[in-house]
Amino acid sequence: MSLQLETLRSVFQEISAVMHENRDYLIGLDQQNGDGDLGVSMDEGYRAVAKFLETSEETDLGKLFMQCASVFNESAPSSLGTITSFGLMGMAKSLKGKSEASLEDIASAMSAGIEKIMAKAGSKPGEKTILDSLYPAIQVLNAEKDSDSKQAFAVALDAAREGAESTKMMRSVHGRAAYYGDKSIGLLDGGSEVGRLIFEAIARYLGK
Amino acid sequence: MSLQLETLRSVFQEISAVMHENRDYLIGLDQQNGDGDLGVSMDEGYRAVAKFLETSEETDLGKLFMQCASVFNESAPSSLGTITSFGLMGMAKSLKGKSEASLEDIASAMSAGIEKIMAKAGSKPGEKTILDSLYPAIQVLNAEKDSDSKQAFAVALDAAREGAESTKMMRSVHGRAAYYGDKSIGLLDGGSEVGRLIFEAIARYLGK
Amino acid sequence: MKKIINKPESFVQEMMEGIVAAYSDKVTTLNGDFRVLVKSTPTKEGKVGIVTAGGSGHLPVFLGYVGQGLIDGCAVGNVFASPSAQKMADMIQACDYGSGVLCLYGNYGGDKMNFEMATEMVEMDDIETRTVLVRDDVASSPKSSMEKRRGVAGMVYAFKIAGAAADKGLSLEEVARIAQKALDATRTMGVALSPCIVPEVGKPTFSIKEDEIEIGMGIHGEPGIEVKPMMQADEIASLILEKITADAPLAKGDEVSVMVNGLGATPMEELLIVYRKVHQILSDMGVSVYMPHIGEFATSMEMAGLSITIIKLDEELKPLLRAPATSPFYTNANK
Amino acid sequence: MKKIINKPESFVQEMMEGIVAAYSDKVTTLNGDFRVLVKSTPTKEGKVGIVTAGGSGHLPVFLGYVGQGLIDGCAVGNVFASPSAQKMADMIQACDYGSGVLCLYGNYGGDKMNFEMATEMVEMDDIETRTVLVRDDVASSPKSSMEKRRGVAGMVYAFKIAGAAADKGLSLEEVARIAQKALDATRTMGVALSPCIVPEVGKPTFSIKEDEIEIGMGIHGEPGIEVKPMMQADEIASLILEKITADAPLAKGDEVSVMVNGLGATPMEELLIVYRKVHQILSDMGVSVYMPHIGEFATSMEMAGLSITIIKLDEELKPLLRAPATSPFYTNANK
């Protein structure tokens, strides 16, 4: 896979479709220990980005990701919406000046994205958030940077799945869920499922 | 019967007892097309007057009735409570200077009381109020002014009963019940029942 | 019943104690009588006194308008019940500053009869009184029998305007004339979505179905004009304005003040959504709005619903509405 | 769901249109953007700007405090949801009068992250900003992790006091210091009796049993400390004051201001009954009360319940609390 404007369009279309399919599922998860808007904001945020990309002619991936970050935030300024924008902004910086990106470029951009999230949201893996699926998946991706894209993202997806699953045993410390304290133990974190779904969508795109 | 302070004490004790026994009955009637406080205010108003008379040493019936009017109003300033006070004030004027009253005096004092109510409350018989039982009863009393008291009040009670019963066919034009318009037709007026109960109590006193 | 109270029978007393504890620099009980509230700020000798009275459970109405540039005293009854004539008489006496007292109150049987008794009592002391009744609720009786209408939120405009007239040093005759003029120009109608609970009764005195709205209901739960399936905000605004303008027509170029009044449980956000439509309708008619009042001015405890009041202004009423007024529960300083 | 609205998805837009229709002489949208409200009255060049942001559904919080002597701008989110960073950045830019902008808002994840993004955006334009977070809710986290506490009604005192400091011409550094100082002296705790309904959701997000009360519940229905059988007003007041004074002790001779804040559906009468007890308890401790605030200052739409806020005053804070302030939804002119 080599990433450019057109690929990005298709990938975000795929993610948007997956979020839409999982809208009610995510609402349900967020309702257990949050306010239930997760499915709404992810559906709307990715839809807005996909729609924006449909007509965008920008080829500089750095600028493109920066615009995606704004679009996402404008349409979904919830906690995870804003965290997603932070991630996209981190990726933007890493991809600045490039109109095409290799798997290696993508993997390190994703690392930059997750670093940005951790810095801005003050969180790290192990705290029952989206990071618990994203972080291991992106680690794997960096390790597989010389493999074939399809293969690399397939292994990354496995890591994302495992990571999301592992949030069940964790105790929430961030966001509304934190108010539930020990009562959050045993519940799957909605955000970590969003992280997994992103990788599900990329895998689905690559499998097409 | 010759009315003086002591008789008045006993009569109001009897009325108070009757109102207390009928508290819930009157609440229920007032709830049909009013706010349901009728039983409460009549119970409290007559109790207050009875209690006041227990210790009063005033022998001038005029002054005594005037004080009863104040006491009643202080403890029960509802519509019918205030109307009752008007009635007592009307009687007070008529009995001024007397420390003893004959049946004839009582009958004409009651007439003065009802005149006062009509003047102040702007109402007349036939409008589905307490007047519909009081007015015919007091008419009868005046006609029977030369009879024996027990006999006179017995006939008056019959008239009060009939008068109260007749309110069923009437349409309310006064107070909260008036807002129910035609829907009030068919219902017994709570105030007219209060009028009947006053005569029931007096009859019970005279029968003792 | 889920009320934040102690004993139901001490509801009024404790509410009054709260007021005195919080606002004694502005209002106070009359000689320690918790059923009569008067200003604790000084009053110019010779000012016409303005008083009112009524049952509790409608804050800020009635006692909430005792203040500067507003009314001078309020006799306080039990929930939804008139205070006694004696309390009213005491109040009238205390609020006579030498030029007589205007009794300005809602057209309810108990209040009327007690005020009548009270004004008779104070006549003995040579206090001159005038009575002006508030009868702004168009839903409570047809135009052919307007004199039977109940007084609701429109009384706030009357308090404000009469208060300003008295502050200007006008005579009792004039203050009464202006109060009446303001009321003649005022119409109100309300809708209710849920009942309220009288503390001593402990359960709702009436009920409204989950998917229904009662049009024209009174603030004590008096029956309205009709029960309808729940409506949208714009429909409610249109319906009320239709009834009001049918009763007191408005024409292009007219200037009005509008009150969108919450009955207790209705959120401010919803009052604003209703105001939006009212403003649109009036604009379309070429009618302009001066000093809108949006909030809770006359309530029924936890009742959900709202009322809309329209008062048509002229060059005499407008500056009186604008003149400064402040009580612990009301001010037009930010309106 | 019985709400007086039109379409749930136009709730915020129509509420904002209502505000603009009613109060355009006092507040206005920023260049027609209905998600950013700013003052329409003139501002002295060089004054420090104060801004906030947050979800809708809490009127008068947040936008209701945009006014004179208060805050300068507010970015408006959907019900219970943060507005976007771009709106915040636009607002900060508009409210920079040359001396920088204080971002003063409640400690909620979404708002915090968006404000962080926004302040980064405006840094590019050389606008200096400071951030002070409101974290007054003692029930939301133990004292050992105070930095996690949510911001609730106490923010009103912070808006008022910081607004007065900015009006005095103090520097950004100083205004931020005073806002922080006011907040350090402020504690709030609330109880809820019934849930509220987010219009787009259409049903309550949580439930409270008919005979129960939730102690310490957040204004979006965040879980509180415990669920108890329904209590009397005096018990509620005592319980809340205990928690507050355990967290920030008061001593004989202290002077405080007290806010008894209704969450939406609770009648004013009940707030006064609670204030009565709060006043008694404080009096017994030898603590005096200055300028009590009793009413609705920070709500959750139709939620029933209340919160109590205590702010300990000193010679610096007291005159700032007293300094004149007025917005369409708040004034201390009658306090």
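To keep things simple, chains are lettered A, B, C and D as they appear, and every chain counts its residues starting from 1.
The rule is short, and it goes like this: a residue touches a chain if its C-beta (ideal position, glycine included) is under 8 Å from a C-beta of that chain, and two chains touch if they have at least 3 such contacts.
Keep in mind that what you see is a predicted model, and the values were worked out from it rather than measured.
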| item | value |
| --- | --- |
| Relative to chain C, chain with the most remote C-alpha centre | A |
| Distance between the centres, which are taken as Cα means, of chain D and chain C, whole angstrom | 29 |
| Between chain A and chain B, centroid-to-centroid distance (C-alpha), Å | 82 |
| Length of the line joining the C-alpha centres of chain B and chain D, rounded to whole Å | 57 |
| Distance from the mean Cα position of chain D to that of chain A, given in whole angstrom | 33 |
| Shared-contact residues (touching 2 or more other chains) in chain D | none |
| Chain B: positions in contact with at least two other chains | none |
| Arrangement of touching chains [line / ring / star / complete / other] | line |
| Chain-to-chain touches, reported pairwise for every pair that qualifies | A-D, B-C, C-D |
| In the complex, chain D residues that touch chain C | 2-6, 11, 14-15, 17-19, 21-23, 26, 56-57, 59-60, 67, 193-194, 210-211, 213, 230, 232-234, 236, 264-276, 279-280, 289, 292, 294, 296, 299, 301-302, 304, 306, 326-331, 333-335 |
| Interfacial residue positions of chain C with respect to chain B in the complex | 77, 80-86, 109-110, 113-114, 116-117, 140, 148, 201, 205, 218, 220-223 |
| Parts of chain B lying in touch with chain C, wherever the complex brings them together | 31, 35-37, 70, 73-75, 77-79, 81-83, 85-86, 120-121, 174-176, 178-180 |
